[in-house]
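In the two complexes that follow, chain A is the common piece, with chain B as its partner first and chain C second.
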Partner chain A sequence: MKSKPLHIKLDQKQEELKSELDMQDDVVFKQIFIPGYEVSGLFVFVNGTMDYRSFNEIVLDLSAAQVETRHRVSIEQLVISKICSVREQDVETYETAKEHIFDGKTLLFIDGMVKGYVLNLVKEKNRTFGEPSTERVVRGPKMGFIESLQENIGLIRQYSNHPSLIVQQQKFGTMEKREVALIYYEGKASDSLLKEVNKRINEVKATDLQDSGMLEELIEDTALTPFPQIQNTERPDKVLAALQEGRVVIMVDGSPFALMAPTTITMLLQSPDDYYERWVAGSFLRIIRYLSLFVTVFLSGIYISLVSFNPGLLPSELAMTIAGTRENVPFPPFVEAIIMEVTIELLREAGIRLPSPIGQTVGLVGGVIIGQAAVQANIVSSLMVIIVSITTITSFTVPQYSFGLAFRALRFGAMIFAAVLGLYGTTLFFIIVISHLSKLTSFKEPYFQPMDFIGKKTWKDAFLRLPKRKKGGDSFGPVRRQNS
Partner chain B sequence: MGQSEGKILSGELAAIISCSMLGIGMLTLPRTLTEKIHSTDGWIVLILTGIAITLLLCLLVVLLKKHKVADYYTYMEEAYGKWLSKLIGLVVVVYFIGVASFEVLAMSEMVRFYLLEETPVEIVILSMILASVHLLTGKIKAIAKACVFFLPLTIVIVLLIYLFSLRIVELRNLQPVLAKGFLPVMKGMGSGTLSFFGIELFIFLFGVVKNQNKIKSGVLIGFSIPLILYVITYVLVVATLTVPEVEAVTLPTISFVQSFEVTGIFLERMELFLLITWILQFFLTHAIYFYFAAEGMTKIFSNSYTTNLIVLVPVVFLLAKIPKDITGILKMSDLLGYLFPVILIGLPIITFVIVQLKRSRRSG
Partner chain C sequence: MKRLCLILLIPLLTGCWDSENIEELSLVVGVGIDKSKKDDEIMLTQQILVPPGNSVQENQAQLKYKNVTVSAQTLHEAIRDSLLITNTVLTNHQRIILINEDVLRKIPMEAIINQSIRDNNTRRSCHVYLTKRPTKEILGRSEDGEIPSNVIYELKDNEHRTNKILPPLTLGKASSNLQSDGSFAIQAVDIRGGKLILKGAGVINNSKLVGVMNDEDIAALNWLNGKVKGGIIEAVQHGKPLSVEVINRTRRKITTELNGDHLTINIEVGYTARLSEDWYGKENSFEKAYLKEVERIAEDEVKKDVKKIAYKLQHDYKTGVAGLYRYVQNQHPKFWEKNKNKWDEIFSKADINYEVDLRIVDFGSKGGIK
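And then the complex of A and B:
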């Protein structure tokens, strides 16, 4: 049966195809008669993948064809000229014919001719471009990527028309083939980076991907870390900025999230509107973000260690107040903190999964009512509720969701260290996190680069966002990241 | 470009040197200096010692550069031959292990005294050693990054604390300057070597710096940051606590910070911040010496770096358990204090002379 050549007779073809596609109820066979030539044709396609409007046009065109007496054209020439706009290639065997049918293409067979024509009448099912829901900005483009790779690439090409923008596509997967595109600026992305990216992509080519998140996990440097080593975004402006910086963008068909590599911590803490707003506001927000990261991870830990190990280090009045609020609470600070933090994490998770109107209710009921009731029932102290609320709010300020998740998880580590070793434990945890970050790489480039904060040229854009001088045209050389 | 290359920038070199110097030395410095000279002129001693060491550093950089030293252990092999150089290298490694243990021990004492009275010291020591092993698997580049991150944090916090302390500082206590003449100052020159531990490491870092032309500035900046902090600390501490009290307490810098309260902000006790930043600095000093010990062993025995790290964990831990009390700790620091000038001055100059002789004989 393998690569059986097509029959000449139309009836035989139909018989053969029908018997082979016996179980597929959504494969449609449509006969057409071309009166001018007195031959019949056969369209084969999968119902629902095709654009009926353009199909109708072709059918009308073909059935209206008349034999010109002066310049005789053969039926083959006629069909080719009518379908030239959508014709892709020809098939010779049943095997390839089947492949094309299930690829969403339409096949046209003419009686008396061996080969069949593959028509691309595919209608992609897409949603329209909308505002990216995971990365909102106040000011800046409101367009986000959608699930179609070709549309997304088109969007990038629309804004970046430089010829050295390279788009390389390859097929991934075994069962379902999916297009994966590698996008970069030739000359800006360093050769070593491209080599590394290509190597890693080729290693995982035989994987079925549903989303770019699956690819991310396969090509990242190490799995043993809570931190995302590849940045993802729904925003074309972020992708364009990344391309300008000499980074590589990877997009998967069917996923609105583009992957950008390599990544550093400073990149994950930047939001595009830092650059769209005035520099004072941008710098201010950036400092707030760094601060809130610290608060997210360490505030509960510091509270636990101060209250349970070293209340003497607090100002005496504050210590009295804390002791007052904890007077009737039967649990040690660690248990108290864990109860509240876990509750908040549960509420947050529940709020995401539920439809949005109910989700908000859950947040309200959980946050306000449970917190209030827990304090009144003397299960937790009111100060603990305040601290947990602060850490929850601060954890939302991270522009990259997956990065924020990492810090939410780390908070529990800090709390455990604080419960066991007090302030020393909290400091130790800080040391461990920084050590871990120092060792981490993203595509062999450093992930955490504190030299950026004090480096001669880079400090203006690392911790702060200071105004940029007018640039006299970018040089088109490879982008060298400072101090790496 | 990549992280695995393992080359460091001159700025990172400066940060490593600063962080390896800032350790126990800064906390004990006012006492060790004052004990020796019994007056408030320790800051003059510090400045003079600083100038002397700066000149020495310039000389050493010139010497090492002249011979294009990429790796100090192979350089020593050229001078002393295979087996003698291995023996000397082993002594150096033992010194590194000693300092690493000493720093972690000093830190555990500080933590026990101020933060965790009931927790066994062993847990503190072991957790710190394991944390540094975690950092050290990233080799010199990871250490450099941690130093670059922690150093500005330390400087800013320490200077802020000092700023708050200005209200209680009585600079009049420092007067009269040179009341006992210049002689005790000269005598005090050699004391306080503990505070300068760490500067010798640049000899071993020589080969890994990316920009060889900037080594000198890197080393000098790395040296001057702690030196300036030392002078400020000494002046503030001695001016506030006066000579007899400084001689009486073990860690005068912490006692000084404890002596005042800042009202009006969230936390009025500043020692909290000093303790936390100093745990960071103890960690870095410990980790850096630990790294050089493991790296030295790798060079001498030519085995795997990771094995050495693991082997050194119990060694450092047991060594930190030997001194039983505060006098034992001080004895340990004295012992290391004898080795320090040998490794900083004696070894490189002797090695230079021998290599110079050998090379000139070969060419001549």
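And then the complex of A and C:
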């Protein structure tokens, strides 16, 4: 049956196709009669993928066609001229015909002609561009990517009309074919980076992708780390900034998240509106973010080690207060902390899954009521509730959700180290995290990169957001070392 | 991955051997040392903080401390004996050590603070005080549930407002003083009218208590040292009292001169001051000459006091409490090396010239007749 050529007779074609597609109830066969030529035609398409308005226009056009007496036009020429705006290619076999049908195309067969025409009447089902829900900014563009690759690329092209912006597309997957686009600025992105990206992408081409997150996992440097080595974003402005920095952007059809590589740890702590607000505010917020990262990971650990190992390091009054709150609590601080942290993580997970009005209720019920009740029942101390709340709040300040997830997980590591070795263990854990970060790479670029920028001028953008000099004509963008 | 798991499991073998939760510890804030009824024993009183409890109602009217008293031959033994009564003792937060006079008369100070110095947990910044009454009584004197140790500890912050308090003697300072010339003054604590009060001082020489001073002596001693940080000079002018408040020290110069074995110590201190009170009806602070007059009167007052304390030090206590030996040590090292064992004797015979220069830079919001 493979590559069986099409029959000439329309009836035979219809029969053959129908018998092959008898399981598929959503395949529609529509007959048309062209009175001027006295031939009939057949449209085959999958219900729901087609734009009926343009389909109607073509049907009207065809059926209204008259035989011109002065210049005789063959039926083939007539049909081609009528459908030229949507015609893609022609099919010769049933196999390719089927492929095109399920690709969302409309097939037109004319009685007496072997080949069929493939009409692109595909109507993409998209949501409208809206504010990116995962990366909100107070000031700055409120536009986010959507699930259509072509629309997203169009968006990027709209803002960056430079001819050296290169978009390379290739198909991915075995069962469902997905377009994956590689976007970069020629000349800005280094050759070694492009080579590496292409190599990694080619290695995993035969994968079915549902989201760019799946691709991210396949092309990252190492899986044995909690830290994301590739940044993702819904924001076109972030993508444009990344492109100007000489990074490569990878987009997958069907996913509103663009991947940007390589990534460093400081990039994950930068929010676009750092650059849109005044530099004082931007720097302040950036420092706050670094601080909150530290608090997220180490506050509960430090609390545990101070309470069970090094109470001498607390100020006397604070020691009294803590001892007072812990008086009737039956658990050691570590167990207490684990109970609370796990509860909070559960609440957070539950809050995300539920529809948003209920999600908020869960947060309220969990955070306020359970916390209060747990303290009154003497299961946890009130200070522990405060500490857990603080670590939870601070973990939300990380602009990159996946990066925040890494630190939420690391917090438990810090707590275990603190419970076993006290403040010494907490310090040890800090050293382990730092050395791990130093070893990590993202597309062969050091992940901890801006740290060696001290002495070079780019450190300014790592911890602070210092004011920029006016640059003639050149666009704004975070200064970054080009490795070329 | 397997290896990683094994490495991660290693710490679990150790357990948490140092872990001791804060609520199961006895936080010691103050320690008192008395003589025991038994002759060869000392009595240790530890003031332990009691957590205020969780609920708000319990909080009120509840004493927030308890005192644990035990007797033993050595301090460490006493601390260990106290564990029969209370939780593990944590001395990290200890703020004061009170030592009874009777103890110091019998046992050298170096021996008494020995345990605290050797112990790494007790901070060297912990303050040392002397008491006339049993320390047990002082540590038991509480008003409105305040913790006596904290009350005493916080009184030293008034140093900048009055000159009748000695600069705080920390454990570390006491130890280093005992190691060097061995003579210093130690602030005393007493009870008056049911309240804890910083009152007087003891003079320690060679680890022994050789005398006591009153508040005026302390003030004069502070003047002699140039250690005054605030406080009032009371003087009389035209039969009416006036007070001058010390603002800042502008200068302190201490020189020593040797003439054979005879030592002369010249002390010059300068202070800025404020005329803070004047009962004289015809005063005129706008007049420079008037202020000069006040300055002179106040200076005379200080000099008179200093002369008295210098005499007392040289003839009654026969020891250089003031720490003046450091200047001799620095300025005449050879002489010091030779005579450091005879320092008390040399100090007693030395001439002390004291000059104070007060400058009134402020007379407040009121002045003049107009």
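Heads up, the rule we're going with is that the second predicted complex is superposed on the first by the 468 of 484 C-alpha atoms of A that agree within 3 Å, B and C clash if a C-alpha of one lies under 4 Å from a C-alpha of the other, contacts with A are read in each partner's own complex, and residues count from 1 in each chain.
Everything below uses one rule, namely that a contact is a pair of C-beta atoms (placed from the backbone, for glycine too) under 8 Å apart; a residue touches a chain by one contact, two chains touch by 3 or more.
Treat the numbers as computed from the prediction; the structure is a model and nothing was measured.
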item: Clash or fit, chain B versus chain C on superposed chain A; value: fit
item: First (chain B), second (chain C), both or neither touched by A:A419; value: second
item: Chain B versus chain C as contact partner of A:G324, first or second or both or neither; value: second
item: Geometry of the superposed three-chain model: angle at chain A (Cα centres of chain B and chain C, steps of 10 degrees); value: 40
item: Touching partner for A:N378 - first (chain B), second (chain C), both, neither; value: second
item: Contacts of A:F309 with chain B and chain C, given as first, second, both or neither; value: both
item: Touched partner set for A:S435, first chain B, second chain C, both or neither; value: first
item: Dominant toucher of chain A (residue count), chain B or chain C; value: B
item: Partner chain(s) touched by A:Q360 [first = chain B, second = chain C, both, neither]; value: neither
item: First (chain B), second (chain C), both or neither touched by A:T427; value: first
item: Overlay on chain A, chain C to chain B nearest C-alpha distance, Å; value: 5
item: Chain B and chain C footprints on chain A, overlapping residues; value: 309, 313-314, 421-422
item: Contact footprint of chain A on chain B as seen in their complex; value: 1-4, 9, 11-12, 111, 115-116, 119, 123-124, 127-128, 131, 134-135, 137-138, 141-143, 145-146, 148-150, 152, 266-269, 271-272, 275-276, 279-280, 283
item: Touching residues (chain side chain A, partner chain C) in the complex; value: 306-309, 311-314, 316, 319-329, 332-333, 378, 382, 417, 419-422, 425
item: In the complex with chain A, residue positions of chain C that touch it; value: 11-12, 14-16, 18-23, 25, 27, 29, 49, 51-54, 64, 90, 92-93, 95, 121
item: Chain A residues within the chain B interface of the complex; value: 190, 192, 309-310, 313-315, 318, 421-424, 427-428, 430-432, 434-439, 441, 444-446, 448-451, 453-455, 480-481, 483-484
